[in-house]
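Structures are listed in the sections that come next.
Each of the next two complexes has chain A plus one more chain, namely chain B in the first and chain C in the second.
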Partner chain A sequence: MKAVALDGIVLGLQFGLLGVGMTLIYGLGGVLNLAYGQAAVLAAMVVAITLTAGAPALVATAAGLLAAAAGGVVIDRTLMLPVYHQRGEHRVLLGLLLTLGVAFVIDGLLLWRYPTGALRLEIGGEAVPILGVRMRVGSLLASGISLVVGAILLLFFRATTMGRAARSVIQDEVGARLVGINPAAVRTFIFALSGALAGLVAVTRSMTSPVSVTAGFDFTILALIVAVVGGLGSVAGAFLAGVLLGIVSTVSAFYIGQYITTIVLLAATALTIVMRPRGLLGR
Partner chain B sequence: MTAEFDTTVESEGAPLGVSARPPRSLTRAFWPIAVTGAVLALVPLWLGDSRLMMGLAVDALVFGAYAIAFNVIFGSTNQLFLCVGALAGVGGYASAILADTAKLSMTVGLALATALATALGGLLSWIAVRRSLGVIFTGIVTLAFSLSFANLVLGQRELTGGETGLVVAAGEGTFLRERVAAYYLFLGLLVVFLVVFRALERSHIGWAFRALRDSELAAELAGVDVARYRIYAGVIGSAMLGITGAVYAYSDGFISPSTFAFGHVDVRVLVMLAFGGLGTLLGPVVGTVVFAVLDELLIDFGQLRTVVYGLLIIALFLGFKRGAVPAVADLLRRLVRQARSRLGRQP
Partner chain C sequence: MLEASGLSAGYLGENVVEGVNVQVAAGQAVAVIGSNGAGKTTLFRALCGMLPVSAGRVRFDGEDITGRPAHRVARAGLAYVPAERHLFPGMSVRENLLLGAYPGRPDPSAFELVLDLFPRLEERRKQPAGSLSGGEQQMLAVGRALMSRPRLLMLDEPTTGLAPKLARSAYEALQALKETGVTLLVAEQQVPLALSLADRGYVLETGRIRLEGASEDLERNPEVRRAYLGVA
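This part shows the complex of A and B:
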């Protein structure tokens, strides 16, 4: 039981990070980015390619994150412009459909070029006992990275000018503009950050299980579930929801089975929307 | 200046598609359906010899029927039902299991399966209306339903055959398994759905649909019971999906999770309808034909076909958001008007 719960936390921390990237873009641009998982897969493939080319792991990871971030910036600066002209539900709908198109393009290109591509980072070393449970070094490293990055993110949004600017745009775009914040610049930055986060989660995932080229939509759905349950637009909510759902997911996978687990996660999402549409920590 | 003006105007009305009134005269309202039916009825004369091509044609009609159902739900009342494939799958799996495992007659199986899909769709619509979920949350809840259904089918292996699929014995040896006969059966279904769609448009329900599409608030203030008409649309569309899925199961003889998968059905139906024009009578048919032809043309492209579809989605929604049919119709109307005024000026 303890081992399952710990595994759940390891998974949940990554879920949380994944949800943060999704939730930020929705909060800021009013766009549900359906190409989000493809950014993760793109990063994973870039890392895999640079690794095979002989680059050290850190350099390869940096290259992957940069590629995903650059992808985010390109989408924000081109396809999302007409979306920002719209308001309310029209904006969300148009954003949804355009990013769906982007997802298809990226998926198709990657599958065409690397049909069997997958990223698996082997982290060596002896298993370390934590609370009497032997944890693999890969799991610990993945959790450590997620925790550190999560803490940095929370700090960033509370203590830095850019982070506060982003939060003010999430709260009220017009108000933010009135106090001299340029929402477009903030959005571009957040799109880059979100792409990098997706890439980072792909890399940490690959430390415990392989990330294949077809995983894009799974990442997107997972991020969507976490973001909705945590409350769209709330960073802390995404983390909380991520850890909770991670534990629920491993426990139910261990005791009931994989298919039911997916249904449990989806039902949690549907229930959240029906009972408390603002999510756990939504405004 | 003009660009800014355009965006404000678009934000006022329905986001995608059109909500025009149908013609008042009975003949003018129904002749497009008759012509469509007649033209599509000629297809087997041309492709009838090839079992493969007829199979593809039948599949295209099935998607056309899905698209009309989705048009009733999303095109008429803005409920983003991302569970087209799942509701059809409920019809398909229920009818197959009822007929094969529970040994009921095919008619009873069809009726019960359709009733089940209708009830589920109505329930989803009721939840969406009751909790006043917007387009996006309706989309996410129905998407969750879709994926749950897929996982349920995968998990209940003894009943559904899991990943490998289910061979349907009911319908074996009847005309349902003849591809040409099946083509005419589905064409009949398609024509009936079109007639239902047009009849709805012409009834008081159609007035309510147009009113709530243009502005929900204004419709509510004018005394339209928005909630009730939304549920009507959900129930009618879901019934169409259930019937189509059930008949498909009997006629094809094999169903699997991928037959009704979200990525296979819903995405395609959405793109087909967006291309043809949301809320229009013939939009689904145009989308069906265009995508059937496109599929054939792109068959050698493999994975690049996905890329082409992605680019198409982007171009479609960036370019003419109201769909190809309304855009072309507008262009023709403008040309005719220009020609008329030019003729009028010349004595």
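This part shows the complex of A and C:
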């Protein structure tokens, strides 16, 4: 049981980071980014290719994250422009359709070029005992990275001018403009950050299991679930929801079966939405 | 300091204000008075770049700021406090004030000025802005605007939603602020309050300037007395 719970936390921390990238874009731009998982896969493929070319793992990872971040910026500055001119329902709908289109295009291109592409960052070494449970080094590294990046993110949004500016745009865009913040610049920055986060999760996932070229929509759906359960727009909420759902996911995989985890996850999400429509920490 | 000439602006291609000329000299307090729907908010939004201008020009400190986006107008030293306040409800009073100084670090003297003017904000500094009373939110909105040390402060209906006693103390605070040398432009329906603060005033009716002049002259004007001061 302890081993299952620890595995759940390992998975959950990564779910959390994945959810943060999705929740931020929604909070800032009113867009549910359906191409989010493709950013993760794009990063994974860039890392895999640079690794094959002989680059060290850190350099390859940096290249992957940069590629995903750049993809985010390009989408924000081109396709999303008509979305930002819309308000309310039209904005959400147009955002969904355009990002879905982007997702199909990226998926199609990657599948065409790299039909069997996958990223495997097998991290070797002896299993390490943690709280009496033998944990794989890959799991520990993935968790460590997720924890550190999560802590940096929380600190960034609480205690830096840029982080506060981003939160202010989420809370009241007009108010942000009144104090001299350019919401468009903040949005572009957050799109880049979101892309990099998706890429990072792809990299940490690949430390324990391969990330294949077809994983895009799985990442997107997972990110959506985590963001909705945590409360759209809430960074801390996404982390909390990520960890909880990670535990739910491994527990149900262990005691019921792998085939049923998606159903259990979706049921947990549905239950949260019914009981707390704004999510765990939503405003 | 601020000069609008022939200014027209509105929504969906329809002008709400038309051909408006407004001038505010440095150190003055100027009131724009008018009833609900006269176009005061539209005029203010057009002045500070929140709303596109369809005709005319706006000059601030000798510079043409027509069509400049609102965040750049704010950074140039023209602060606008809308009637809806637009605070950051989930952030503490302190964080709201810190963001007022964006993108710079807050100036300690600006903090002092704001807390001197509104000691209540000091008591409430850790509370989320969304939990404050209406009067405190208005104080915070003005305080946040002052954190950037603006040269011109524009206030749209600062007494919205305030009880008469609070409305009077809001104007006492504005009077104190005026004495520190900040230039003020205030839109107001509560005409006696506005004219007691202002040196000069404009009367806006259906999007056009009907009257303008020194506050004392407006107070004596029979039309103003009948329409806005409740004197038969």
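Quick notes on this structure:
As a working rule, the second predicted complex is superposed on the first by the 283 of 283 C-alpha atoms of A that agree within 3 Å, B and C clash if a C-alpha of one lies under 4 Å from a C-alpha of the other, contacts with A are read in each partner's own complex, and residues count from 1 in each chain.
By our rule, contacts are C-beta pairs under 8 Å (C-beta built on N, C-alpha and C of every residue); 3 or more make two chains touch, one makes a residue touch a chain.
Fair warning: this is a prediction, and the values are worked out from it, not measured in the lab.
Counting residues of chain A touched by each partner, chain B versus chain C, the larger count belongs to B. In the superposed pair of complexes, A:154 makes contact with neither chain B nor chain C.
After overlaying the two complexes on the shared chain, residue contacts for A:164 are found with chain C alone; chain B is out of touch. Contact with neither chain B nor chain C is seen for A:133 once the two complexes are overlaid on the shared chain. In the overlay built on the shared chain, the residue A:180 is in contact with chain C alone; chain B does not reach it.
In the superposition on chain A, A:269 contacts chain B only, with no contact to chain C.
In the superposition on chain A, contact is made by A:101 with chain B only, not with chain C.
On chain A, the surface touched by chain B in one complex and the surface touched by chain C in the other have no residue in common.
Touching chain A in their complex are the following residues of chain C: 50, 69-72, 74-75, 79-82, 85-91, 95, 98-100, 102-103, 105, 144-145, 148.
The touching residues of chain A, when paired with chain C in their complex, are 161, 164-165, 167-168, 171-172, 174-183, 283.
Considering their complex, residues 32, 79, 82, 85-90, 92-94, 96-98, 100-109, 111-112, 115, 217, 221, 224, 228, 257, 259-260, 262-263, 266-267, 269-270, 273-274, 277 of chain A touch chain B. Of all residues in chain B, only 7, 10-11, 15-16, 80, 127, 131, 133-137, 139-141, 143-145, 147-148, 151-152, 154-155, 263, 267, 270, 274, 302-314, 317-318, 321 touch chain A in the complex they form.
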